[in-house]
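Look at the two complexes coming up: chain A is in both, with chain B in one and chain C in the other.
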Partner chain A sequence: MSAVASELAAPPASLVGRIGWHWKHNPKIELWIMWWAMVCFYQLFGVVFALMTRVMPPPAPWWDQARIVQWFNDNHYGLLWGFGIIFLVAGITASMNALIAYSMTRMSVSRAFSYIYVAIYSLATLPGMLLTAIFLTVGALRPDRDPAVISWLYDASFTAFVGTMGVFLIGTSVWMLAVLLDKNRVFPLWFAYLNICNLLTEIVVAPMWIFKEGPFAWNGIIAFWVDTLVFVVYTIAFITLLRRLIVREDFGDGPLPELEQRT
Partner chain B sequence: MSTIVATNAERSVPGQIDIWYFVLVEVVIFSSYFITYMLYRIWDPALYLESQAHLSQNFGALNTVILLVSSWLIARGVQAAREQRYESAQNLVGMTILCGVLFIISKLFEWSSKIQQGFEFSTNQFFSFYYFLTGIHVLHVLIGFVFLSVVIYQLRSPQRRSIKVIESGAIYWHMVDFLWVIIFALLYVMR
Partner chain C sequence: MRKVDGEIILFWALPFFALMWIVIFFLFPGFSPPMSPTMSAEQVAAFYRDPENLPRIRYSMIMFNWFAVGIVTFLTLIVMQMKRMAHRTPILAYCYLGCSTGGPVLFFLADLFWLMAAFRPERDPQLTQLFNDLAWVTFTGQVGFMVAQCVFLALAIFLDRQAKPIFQRWVAHFNLIIAAAVAPAAFVATALTGPLAWDGLLSFWVRNSAIALWLVVMAIVIGKTLYKQRAEEVAAA
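This part shows the complex of A and B:
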């Protein structure tokens, strides 16, 4: 297919012309759309969770009911607009899961790996993002409710956001195993090992369910900051490697060709 | 051995380069745990000193000896593999795994003894760190069993026997040992 594309006339010089040409002739256009959707989603996720809703870094777990109600009041519009965006775009995570599953179908391993991954990660947005968004939106929209109920929503939101582990633990393990077994060299071996670091963070967060303060609380140095840093490194690594996968893709079955060295 | 090293001039480091990246990341992550522990210890030294007194240094020292012996065994195993004494290498890696099992059994025994004495994960911050650091380390020992099983799998068949993979397994195991020595120093020894 790439040979067919190369026989066509070169893409026009203008930006619109180039986009049109790639849309019609580039056999990798669907993969690129998935990749850019993933990049855009993570940008939006960062803006919404860190800047608009103030969910990251998480506020204190030890606050009393009055302080929690005040937090909802302080962030009222940020919560509504931010999670409004999330409810609209949450489905984009499917494109990311599809691209990762695609990477596994390009490997020499059984397709069962990609099916398991998609099945597990189709559940991931719920504990990883949507439960928090729903609970906090309800709290922001019902300021007249009993402060005890608002506090419950606050606790449920942040324990779900930081402390839910199993889905990500198993999903990451599946991807790691696929990379380790793959003979087509779709991803480098170090990425399989980086998966171990990421899946261990899912275990490190577990004490968060017990503690309200200190390094193991949901805003603690270990349970939140170190784990988030590992996750950010892991995410940057896999986004970069998925991009390299698309560039290297030859739509064949054997080992994925390496990128040519620039001289 | 010097002959083998000399004839493999292209090999700058033992094992796969990927395992070294992994070790680097793991050491950075564990360092962040150690620094956090030190900071909290500085903020409340009396609590940490008092709690530390309830740990058995003998247990900690026994754990350390077990892991140091295991590191020596795996190093001997790699050496045997390099000299193409594969049966001996398999036995040495098997004994390394045995040491790892002994380490975990002793750790389980120590944890249960502490719990019986009333020192649990949420008793105070020192014991939170104690269970967390020793627990996450035991997880690494368990992952080490997978690495060492791959090493034995490599050694069993003449079709495999990649010295790079065998060395990589050993490097991971040395890291597990290295991390334990620091944990031992921080939790059991430092006053």
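This part shows the complex of A and C:
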């Protein structure tokens, strides 16, 4: 463990050996753990929300009570076990928020930006994800519940899920502003503009609180499909850029070194 | 007055909070014994309408509303110790800070659901049962932040690679065991009877005992660390 860097052998070939080597010797291990936690969380999120609970893509806002009760019955076990997984791993969101906040700590901007991001996103998990999961879990809990009550839970879940806008609007804007102000070149400028695309989706989604069918309804072509597409592109972009940030990290406070070109 | 003296004052708020949490736990009639998830809507409504129960539900949950968030002061003292550790970045402290607001707000939400259920117990029993279900699922199932903060603290301790680490390694192992003990409660809604149900062995007794044990052990650890830190500051001055 106290070996000098020059004496270190290259990491072993086996996966377990490599992980052990990085755990002991990699000075960026705390950043890499958070990056991998973020990647694992998004995979798990996709599996639970799209495959297990069938919340994405969302079912229709115009269904009658009998159809809604049938939806809960069709997805009974998927909802209960799927959201059990989400309840268990919800705290991992803290690691991705911390990593994004750290990207701003590494910039030439005030620490205020990092603190705002940690504060906003530690509150975002509740309206953006957990409230939906709690409402749908309670809806699935008792299939014999009054259909009018189940229908209320259904509306409450999907409006909260699709219609939580402000936390992401302000959070994304703060990140964007930090990227624009940064002189350490932590992120390329085009990422600031991609942030604008993402925050615009939070504006465009607002009519879902008014329309129950058409492109702006919570399952509509604009409110759900276009916005989700933008979000997926945005997420893939920042996961890739955060990986590059860790690779480039020199633990200094000046401009972040560029990646060396591989020849 | 040293900076650490303020932290010691915050630390001594914890026994007061803990006393309040114990009072709340025994005052709330829904905990002793824990209400069964198999109760019908009429039984749940009758529980809230019972003149023996109703004032105790309201008073205990008003107290819970006041004091549940007190845990944030203690969690922040842990963040302060994490910032003293030999890490290269503040990222683990950011993680812990995120969890220390994420977790308590869910306790707070459960408290609101219980108070709402008790507000008009003469309402349609279906609605009283709805709020009672929301309260229990939120209170019991929302262990994600607790699990994560135990794991983050354990990671922080393992990565605190200096001659005199802030915490000893057993604190990391202890936190991982607590994380494993509270984890099954996340699946509280998958069963109305048995160990996973909200009145069951894993979801109620193991989970709540683990939280109580965690508080006692971590209070001793943090208290000792703070006084050691103070002695070092006095010696250095």
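One rule holds in what follows: the second predicted complex is superposed on the first by the 254 of 263 C-alpha atoms of A that agree within 3 Å, B and C clash if a C-alpha of one lies under 4 Å from a C-alpha of the other, contacts with A are read in each partner's own complex, and residues count from 1 in each chain.
We take it that a contact is a pair of C-beta atoms (placed from the backbone, for glycine too) under 8 Å apart; a residue touches a chain by one contact, two chains touch by 3 or more.
All values derive from a computational prediction rather than experimental measurement.
Trainee: Have a look at chain B and chain C on chain A after the superposition and call it: clash or fit.
Mentor: fit
Trainee: I'd like to know which partner A:V204 touches here: chain B for first, chain C for second, both or neither.
Mentor: first
Trainee: Quick one: classify A:Y193 as touching chain B (first), chain C (second), both or neither.
Mentor: After superposition on chain A, A:Y193 lies in contact with chain B alone.
Trainee: Quick check on the superposed pair: does A:G84 touch chain B, chain C, both, or neither? Answer first, second, both or neither.
Mentor: second
Trainee: See if chain A has more residues touched by chain B or by chain C, and give me that chain.
Mentor: Of chain B and chain C, more residues of chain A lie in contact with C.
Trainee: Regarding the shared-chain residue A:A101, is it in contact with chain B (first), chain C (second), both, or neither?
Mentor: After superposition on chain A, A:A101 lies in contact with chain C alone.
Trainee: After the superposition on A, what does A:L130 contact: first (chain B), second (chain C), both or neither?
Mentor: Second partner only, chain C.
Trainee: Give me, in Å and rounded to a whole number, the least C-alpha distance separating chain B from chain C in the superposition.
Mentor: Superposition on chain A places chain B and chain C at a least C-alpha distance of 29 Å.
Trainee: Applying the document's contact rule, which stretches of chain A touch chain B when the two form their complex?
Mentor: That would be residues 188-190, 192-194, 196-197, 200, 203-204, 207, 210-211, 214-216, 221-222, 226, 230, 233 of chain A.
Trainee: Considering only the defined contacts, which chain C positions touch chain A in the complex?
Mentor: Its residues touching chain A are 37, 87-92, 94-99, 101-103, 105-106, 109, 126-127, 129-130, 133-134, 137-138, 141-149, 151-152, 155, 159, 161, 183, 186-190, 192.
Trainee: Where on chain A does chain C make contact in their complex?
Mentor: Listed in rising order, the residues are 1, 27-31, 33-34, 77, 80-81, 83-95, 97-99, 101-102, 105, 114, 118-119, 121-123, 125-126, 130, 134-135, 137-138, 140-142, 145-146, 149, 153, 251.
Trainee: Note which residues of chain B are touching chain A in the complex, please.
Mentor: 16-19, 21-22, 25-26, 29, 32-33, 36, 40, 121-122, 125, 128, 132, 136, 139, 143
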